[in-house]
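Input: structures, listed below.
Each of the next two complexes has chain A plus one other chain: chain B in the first, chain C in the second.
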Partner chain A sequence: MKTPHVDVRNLKLVYKTGPQTELAAIDEVSFSIGKGETLGIVGESGCGKSSLARAFLGYTRPGARIAGGALVVGGVDVFALTGEALRRYRGGRAAMVPQNPLSALTPHRTIGQHMVELIRIHNAAGNISPTQKALDLLAAMELPDPSAIFARYPHQLSGGQRQRVVIAAALVAEPELIVLDEPTTALDKTVETQVLDLVSRLQKRTNTTLIYVSHDLNVVARMCDGVLVMQHGKVLEDGPTKEVFNAPKTEYARTLIAAIPKLRTGTRPEPVRLATAAPILSIRDLDFSYGGKRSRFIPRFFAAPPARQTLKDISLSIAAGSTLGVVGESGSGKSTLASLVAGLVGGNGGRIMFDGKPLSGLAGGRGRDLRRRVQLIFQDPASSLNPQHTVEQIIARPLQVFFGMTRAASRDRVVQLLDELDLDATLLTRSPRQLSGGQQQRVAIARAFACEPDLVLCDEVTSALDVTVQAQVLQQMKRLQREHNTAYLFISHDLPVVAEMSDQMLVLEAGEIRDYADTGTILTNPNSAYTKNLLAAFASATAHSTKRTFQNVS
Partner chain B sequence: MPQILAMTVRRLVMSFFILSITALIVFLGTEVLPGDALTATIPTEELQFYSADQLAEMRSELGLDRPIPVRFLEVWARLMTFDFGTTIVKHEPVGPRIFHPMINSAILAGVALVVMLALVISLGTLASLKPGGRLDTTISATTLFTYSMPDFVVSNLFVIVFAVWLGLAPAVILAPTNAPKLTILAASILPVLALCVHGVAYQYRLLRAGMVEALNSDYVERARLAGLPTWRISLVHALPSALIPMLNGTASFVAGLLSGSVVVEAVFKYPGAGGELLRALSQREIPTIQAIAFLAALAVVVANLLADLAILALDPRVRTRSQNG
Partner chain C sequence: MADIPVSTPLRRSLGWLRSRRLRRALSEPATLMGLILVVAHLLLALLAPLLAPYDTSALVGAPLQHPSWEFLMGTDQIGRDYFSRIIAGGRIALMVSFLGIAIAVVSGTVLGIIAGYIGGRTDEIIMRIVDAMMAIPDLILIAILILALGTGPGALIPVVAVVYTWGVVRVIRAKTISLSTLDFVRSAELRGETRLAVMVREILPNLIGLLGVELAVRVSSAVLRISALSFLGLGISQPTPDWGLMVQEAMGVIFTDPWFLLLPAIMLSSLIIGVNFMVDGLSRAFGITTAELG
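Up next, the complex of A and B:
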């Protein structure tokens, strides 16, 4: 075997957890990657894979440090680099494609400013101007109209465009190693395919070594030559992708692979619950458009631009204790639907009935009891949990506000709620930033259930989670639903997940209902062409990954 | 940028209403409370020498016998057109009288604001280069101390230390109100510093909190991982975001400057509007009080408008949000 391009030996990375205590996030990890190869690193949240990703760039978050071992990239001992040399290595020889491109781009700088800055810092322009180089890179990422993208701010781009921009930024100095941290988490299925294909083509041309850190095993199966399965900071399996996927050696890897959501089109074991029960939520002819409202007091000159129709003639109902799944790609209006029911935005037309009474206007005008009975869980727990509060404060707050509990009484209930979600009581004093993504989302779920709600709006609640964590969280949510007889409006772009959770399903495209029926009916006998295509895309995504795996064998 | 223009116009319309309400409060405060402008102006001991007929005659001469709404509209129209009228008893024009004190105070407040911002931004950026470092800790501790010092304590301390002990500056400023503005500027050094002590502390704490948040953000981590130099990350990536929460504080600092400068001007005998306001209050010159109160409100409104425009310039997301309605 030739000298590996990336060689990791006995790497140990620890986090400070107290004045004297440290916790190993990466524990004696060793592996290597050949030049131009692609390695996938998979594992649950908190397994240390993101810390490992950052370690490739000689970077640790505040509070963490490298406690031992070596990491060599192309003959360079990364941990021996300091000051200017380390700065030139980062972005120069090794680059990182960050997890969330929206928060990873500076909000007040244009895409052009980001690109030109990096090109200047790394002297990467060659004999063309930095601006031209930036435009070329954006064009190479197959972004339409690079000069328009160049002038825009991050928030003005779509998720797919932002993802391409951060990849372009990583390519600035033609690094020999690129680490991609959850590169497609924020993308729709169709966009994900495009971005991954693009990265593959670029890699073939430049012979770059790639590291995919991902919870999405489908992506890893498709893109990677080798795969590393991590748990609790240790490497459990390390081998060619097809071997690990087809014949996992450890129990954990088997669970991980089994947890990949698959579309089950066969007969559903669970009967549709309470289909005849009175609906807890019913919506009739709901319309909504953003920017359409015009104040009576402000003259026309100041008024907003014409409205964009986001939702059109939406009618649905959810029986108490049951789940309605809403599927759609980004921009289909599915999150707007949740915002309307939650009262985060006011409706323009139609009627929302909750428990037989009209539920109108904004949450602030609904009264305490209604606000308690309708709860919302967001996609990103990191930003929906107050970073200044401890876990106890976060979950205790609704108890104190809605039930007037004392501190002592609320603490008992908080521990009980944590227990229901299989979370340890030792987490009480932690702040959200100290938790893993799965733990954060479970805290958010506990907060919602602390209110004893009748309806919980779940907006992409498991989209940011690893498959095994996702499977656990979904199971816990089902259990909570049974125990508390709570209805879910379960929104996701991930069709297999929605199908798994829902009694009934609703397919949204461009603000209109394409299909609305029992889950079994949708999966086996969809009405619209759109739903048929969607089902086919998810079915082929699973099939494709296995096919690729077999191709690697030969 | 038509949406920025639209927003500015909208804010100007709002400001007009705010100033109108200010005019109303000033008017109500000085004219509708027991007694009227005339009896308020004439000292009590002199009041007994006037007969009821004489007072009535003077009232009609001054137009005070007209209904309240009519008189308010008149005051409102005068204030809005910056015609501050004449004092009630001596019939002196108010405008020219308060012109120099107002300019002097504007110099004091303006210089204080510039010095304060320069200090805060450089200290905040320097401290953020090494959070938790010695410099950061020192500045944080110092500002916590100075934040808790009232303006009059700081001013008197400065007089004692710089004028009495060190003899670096005169204890009180002897320049007349209409002195050349350079003389005023030179005389304003100690008052400016006194005003800044409190402001710097508060603004620094806001900026530091903003910097800590920005430096913990994903985009700063990305910038570090992309090999950008630390100073560039602090100045170009973190600082503009950190300034946004501070700027609203800066606008309220301007309001604080106006009340603070009354105290500081009194201590240093600075020839500004604060002294003029105190004099007008003691002599019950109602038009002068109205004029100064109105101009102070105008300054606060303008400061808030400028802060909002600065936020618009710093955060493109706010720009497009105002576009979307």
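Up next, the complex of A and C:
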């Protein structure tokens, strides 16, 4: 048994919550990692994983302090470091790849300036110029045209390119430990796959120890030798990835792993509803472009921005009570599609028919009945629920608007709706910020169902939620669909989730339909190369790691 | 099991007085000092007639006496009790400022929400008027208004209202625009709510904190402005006691009896500093950034 490279013993980190009270965000955590190994730290929001990630660099958030324990990296006691030694350690021996590269890069400085400064600080250039070293690193990140990237500002790069740049920045001094905090959460799946592949290739070459902090169990399963499952600041499971994923010991880990959306390509029940039911929504040759309009007050010498085609020749139909899933990566036009049907934007070409009636223009111009029957659920409940209203006010409003209920009459109905979503009536007087993310989104769903809609447009409704909460919310949505015979247009970038929910699926890329068929057909026999790629990206992410065996040193 | 129950007890209606944020804000010495200064000034202004030993305009002794037990702060150039005049010196300015600013905040909020939410041509028209009004130097605008309305407290209220409305419009419009991008506004529009309902029901409640800050900051600024006007002879006139006026009267004896200048100046600055400290601490605690204050 070799000595562990990273050794954490009884680490305790507390947050000050009041003059005398403290809350342990990390509670007596012990584990170790061997040199060159990869450890994944998983858990849901608030479990302490980000605080732990920071601790590896000897950093605590304001209000937090290390209350005990030790953290040793390559023989160095991190918490004993101060001043210059700590500064040398950070970036020199251990580096961090932040979650949001855009906020980690200073907007007014070019990528080159960022890189060269780091290289100078760490004297990392050796016998070549810092600029050359920076270019080499960018090239090693497989960025196209490193010298062009070098001269660019952060906002001029795509999300995947930015992520590669911050990884390059972490590699400057060839640290022995790199902590990646949710490194690919903001990226599209196909880009995520590329970035992760790149990181594991680099790791093989340099024998760096990696720590992945992520809520995305697929990423961890794929990249890590060992995995640490955390809840409420405690380690519940610690073992080789395969073991933890295949035979979790604790109930919590079992729930967590069961909740991972998986691509099931097996046979599914024939969607019988499709054949019999008339389409509730049908779209023919839908075209839509943003921009191209000129403001009346902007002087003529500013040219109008060129029109950008967002959706091209979209035709689809949804049978009453069924679900059409729409998958696509960012910029594919999937949200625009929902906005058009909902009436948030207007001015499209083609025809949208709802239950035999044309559905066009903005929602305000449609009849009250149409506005009631088509509902939209937004991605981010923190934004879609008015922070100054109570849960009761939020859900009761559509009842008052569409059914003319009085406040007293709406109360019972609101309680009933909350109950349908397994929410307690005590939440009535709460404001949204007093609810958890899952509760917030369920309130938003209750508000949509208060209208007794025939079609609900779901735009990334579970993307902001933890996996176990996501699984719960999806189950509830399915139940509501059965009970109320509601049709869903279910939009997400997350292919397994869409596959789970949908009778039929539609794959969008750059505003055009790449595939449109029954879910089973799409999963087993996709038409387009794009869909095949997308499926492959998700399939490889779902497959469990078969890498070197994890060595649990303890 | 996945949803972490929220244990925060309900304290919406029972008020912010007991809230943790307020307590945290008041644990900062500067904020606490600011609050004490503001409360002391308000009490003094309210209770001045009860506390004053003499009538503020009565000639009660020889001019320019030094402080004594009979006259706590001495007497002024014509023999009025200075202490009685000092404690009453903020009453008129505070009242005029408060009423004027209240009108400015209400009208500025109405215009700001309309400009920010409706947008388009309505926004352009409102904002160009605002730009035009703000382009006129304040003192010239005030002089014109005073020429039209005359002097005296009754005329100063609309003057304050007109001068301060435009800044409020800009702040409220900016905040309204950022609120309008949020999905709860989209959701209301999809329900077919009228524009008025969206503005009053969805947007206005989210502006309350900002409006409180606006009111406090601008009242303190208006008090200073009115004192300056009184100093110039355009504001409050004799024999009403007013700090700005008293500073002006003290100019003649500044080298022989400097406290005549210092006392009203200290009163004025302690009020302004108090309001600024208080607002600074409270807005920080309640998450209103200074950028929003324009």
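Simple rule for what comes next: the second predicted complex is superposed on the first by the 288 of 554 C-alpha atoms of A that agree within 3 Å, B and C clash if a C-alpha of one lies under 4 Å from a C-alpha of the other, contacts with A are read in each partner's own complex, and residues count from 1 in each chain.
Convention: a residue touches a chain if its C-beta (ideal position, glycine included) is under 8 Å from a C-beta of that chain, and two chains touch if they have at least 3 such contacts.
Because the structure is a prediction, the values reported are computed rather than measured.
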{"item": "Touching partner for A:M477 - first (chain B), second (chain C), both, neither", "value": "neither"}
{"item": "Partner chain in contact with A:V327 - chain B first, chain C second, else both or neither", "value": "neither"}
{"item": "First (chain B), second (chain C), both or neither touched by A:R430", "value": "second"}
{"item": "Touching partner for A:A487 - first (chain B), second (chain C), both, neither", "value": "neither"}
{"item": "Which of chain B and chain C A:L508 touches, first, second, both or neither", "value": "neither"}
{"item": "Chain B versus chain C as contact partner of A:A25, first or second or both or neither", "value": "neither"}
{"item": "Overlap of chain C and chain B interfaces on chain A (superposed complexes)", "value": "none"}
{"item": "Residues of chain C defined as touching chain A within the complex", "value": "1-6, 8, 10, 12, 20, 121, 124, 182-184, 186-193, 202, 205-206, 208"}
{"item": "Residues on chain A engaged by chain C in the complex (per definition of touch)", "value": "18, 44, 46, 252, 255, 296-297, 342-344, 362-364, 366, 368, 371, 375-376, 378, 380, 383-390, 397-398, 401-402, 429-431, 434-436, 438-439, 447, 466, 468-469, 472"}
{"item": "Residue numbers on chain A that touch chain B, as the complex places them", "value": "54, 57, 59, 61, 87-92, 95-96, 98-100, 103-110, 117-118, 121-122, 153, 155-156, 166, 169-170, 290-291, 293, 298, 301-305"}
{"item": "Residue ranges of chain B in contact with chain A within the complex", "value": "6, 9-10, 217-219, 221-229, 232, 236-237, 240-241, 314-317, 320, 323-325"}
